[in-house]
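What follows is chain A paired twice: with chain B in the first complex and chain C in the second.
And then the complex of A and B:
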């Protein structure tokens, strides 16, 4: 018999959905803020508006969605038990919302007490999540590249949060810390150590399953996470104060790992067993192209240092990484995960002998395609803003519309679940709880 | 006569749908075999809650062969 007989049921559907439905709201706020601030937000990496926008996406959008995904993925895909998921979600979800909002307010107002407040709340929330998710990931009997990648990703999240709260304290007070280097290391652990490794770990499982591709090559899946971990440790050496000469090589190596993962994903998509092309596949394709674009851009900037010195060069890289790369991938993933969770939870209520409605009924394909077009139009406009800064206001507006459409589509799916469940309960005198 | 569902070319939840339909009519003394490229924890959850037992073997090409029968 299979050894996983002891795993408990997946968490209530409200656990992941509160995170998934909140994430697009932060995207809407980010778009509106960019439209409001305009060119001043992209003038430099260090202006408060740019940092507020970055964290609206990284903490508000990405961390929300990824936390919900981990809470759901560990039990469903790995058979792991997340400790009291409803209680954990009841604590972490509002804490992330308040912490992210306080952090954005801190960047915009430059108030020291707001930095300290945001840092404390986020460190507590993320610390709690790291313990809960880390314990579940360590105790699951599942093995393989997905588990390795996710375990290192949780470590990456912990390091990101610790560096983040250190930076918040530095910005709040008079600490003479190397803030530039700390910020570089914080960003690398957040985007590479947490976001990329989580995306890769989940992709090893869901890309072959949902996009019907061959499996990721064993060598890539086994070595990507440890390799990236070594690169991140080398990159972290700059906290010592002096930037070693090989620092740029380490950055390029890290981006090459990301581009390698992206290239393999595109290659697998080309070899998929059924030529089904849906919004999730296209979102992933766009995300992977942006990750390859990051490496190409970094190489070009290394060859032409004048470009790297341009004040909007970090903005260009940031757009490729955040709205272009991770937001696209998460967006596409949500369009598979949410209908699938609807289906699983409805099936649980119905029992054997009855089938839930088709997944395609839960979010209209036409609505997903329309949102996808608006999203990629926003990414192109955002990239265009690096060359023609007057574009960023309209780009922000289009991005806000895209995130609002995503939120609306997800709400429609959640409503579909609720309405169908309520009809079943009304029809059955003693329905399952 | 063993029943086989090859879910390797199907998008989730199609293999689960086929499994649920097959289990509904599976005689107590017969076995249902599923072929998948992943470990289907949601299916295991359904089987556990509905009184089925199963064995799982992983083939060289990554195929998970799951043999199910009534407990």
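And then the complex of A and C:
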């Protein structure tokens, strides 16, 4: 069946918004937790505090926002019908909130039953989401690099969840599994296989659209996802037990793919035909610079092994990838998606011949710019914490403030939508369809 | 041979350039220049919509039998964009940068997602349905779009 290109395929606005509005809360909690734990949270990659912080961002913030984005993007941009989106969101959204919270509590308390609880809830929620989103993506007649990237991303999410629940079981019980290697592979699938491929797939579509840049080079768009998939499979060989010598090369290759994507994105944005600069563009630039920073850091660490063995080296890489890379990109994207969805849904309610307030009236640009400054200050302070660990408390505090401001800006937009809609309904009991 | 809808693809890019010029002029507060670019942009976009609504869509609807389908959705989005064009012109006339840039931002996202849907889904459907009639359609389309480009 042909997609009908219609707005009717878009889910109700409450479907993406519940995910978008929840994500910043986990960011706030992450910032407060870091401010509270201080240096002890960044002493090693394996302390409970560090793992709790990582998952507050990866599951609490990123997965939450990305799930909402997929629920919106697949039907509208790809013409793929998501099965009963409201019901799916009613199930997945609370499950992700409870699962992420239980997982963070498990890392902080080291209670086996919490690991098992978190593992089963997250596996069920993610498994359900993978089936629903995967079916919609397989059934859409749309072709091209965005679809390929998103389909592989969904596979990446499934692998991440399976490895994650295995790790949770390993941490809960006595299993003699190679946890270190499993964790390396789990992180690579989560960040590379799921998050980066989803970001890339969406970017192929929206970067040219928002800034009027040239399209991504066909070769890059076509080969990035399959190349990364091969790299991830090679990287997964370490689960076998001993790490072969070439594993470091595989890691660098994976980071080079990410940096290549980031470099091309920056280059396209340099060549944009639209000269106006906005917060989304700057958030994206920051995110792409962090991704390039990851490769540069990994190369430097490969050349100077003393640096790689520094206890805060993983923290440095983690800040570049999570708050610096993905959180920045998602933050910037939300500032386009939410005002546009507000506008589109209100316009639809009003009918032709009448226009709702424009996108810039949904979230004031001043508020977005202010939050962006706080966000990048937080990223710089967080990075500084790798060199001067006494900075991490203040960095955590600033990051919490930034996420609170993001949440506030999004809540303002949602309230704007609700109030405007209610006023319209009150004025005209039977609005045009 | 160039495909049936290639001129429409090319014309989307042409309209983007004119949009960007008008928006840049507004941000530099060069209002006469903004109005000039904007009117050129609006004229091109209207010519584009007319080509689709008067030539391409009726032919597609006849050939495919899909009267209430995707072409109808595209017509609706054209109407939404026409409303926004009116709002932008009013803002440019009043030299109101906030209003102009807000409407421009909204129109840009709406227009780009519209173009993507056309280029990725509707135009390929038209190519498929109209393959037998390609010759009779190519020229009128190309002439209209090229005339708009010469504007």
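Just so it is clear, the second predicted complex is superposed on the first by the 423 of 433 C-alpha atoms of A that agree within 3 Å, B and C clash if a C-alpha of one lies under 4 Å from a C-alpha of the other, contacts with A are read in each partner's own complex, and residues count from 1 in each chain.
Criterion: contacts are C-beta pairs under 8 Å (C-beta built on N, C-alpha and C of every residue); 3 or more make two chains touch, one makes a residue touch a chain.
The shown structure was predicted, so the numbers you read here are calculated from the model rather than taken from an experiment.
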With everything superposed onto chain A, say whether chain B and chain C fit together or clash. clash
Just to be sure I read the superposition right, which of the two partners does A:271 touch: chain B = first, chain C = second, or both, or neither? neither
Using the superposition on chain A described above, determine whether A:343 touches chain B (first), chain C (second), both, or neither. both
Contacts for A:142 in the overlay, against chain B (first) and chain C (second): which applies, first, second, both or neither? both
Can A:79 be said to touch chain B (first), chain C (second), both, or neither? both
When the two structures are overlaid on chain A, which partner does A:360 contact: first (chain B), second (chain C), both, or neither? second
May I ask you to decide whether A:215 touches chain B, chain C, both, or neither, giving the answer as first, second, both or neither? first
Between 23-31, 95-103, 113-121 or 131-139, work out which stretch of chain C sticks into chain B after superposition. 113-121
Identify the overlap between the chain B-contacting and the chain C-contacting residues of chain A. 2, 4-5, 7, 76-77, 79, 142, 205, 208-210, 212, 273-274, 276, 340, 343-344, 347, 352-353, 355, 359
In their shared complex, at which residues does chain A touch chain B? 1-2, 4-5, 7, 9-10, 75-79, 142, 205, 208-210, 212, 215, 273-274, 276, 340, 343-344, 347-348, 351-353, 355, 359
Chain C contacts chain A in the complex at 16-17, 19-20, 23-24, 27, 66, 69-70, 73-74, 76, 79-80, 83-84, 87, 98-99, 101-103, 105-106, 108-110, 112-113, 116-117, 120-122, 125
In the complex formed with chain A, which residues of chain B make contact? 8-9, 11-13, 16-17, 20-21, 23-24, 37-39, 41-42, 44-46, 48-50, 53-56, 62
Inside the complex, what are the residues of chain A that reach chain C? 2-7, 76-77, 79, 141-142, 144, 205, 208-210, 212, 273-276, 278, 336, 340, 343-344, 347, 352-355, 357-361
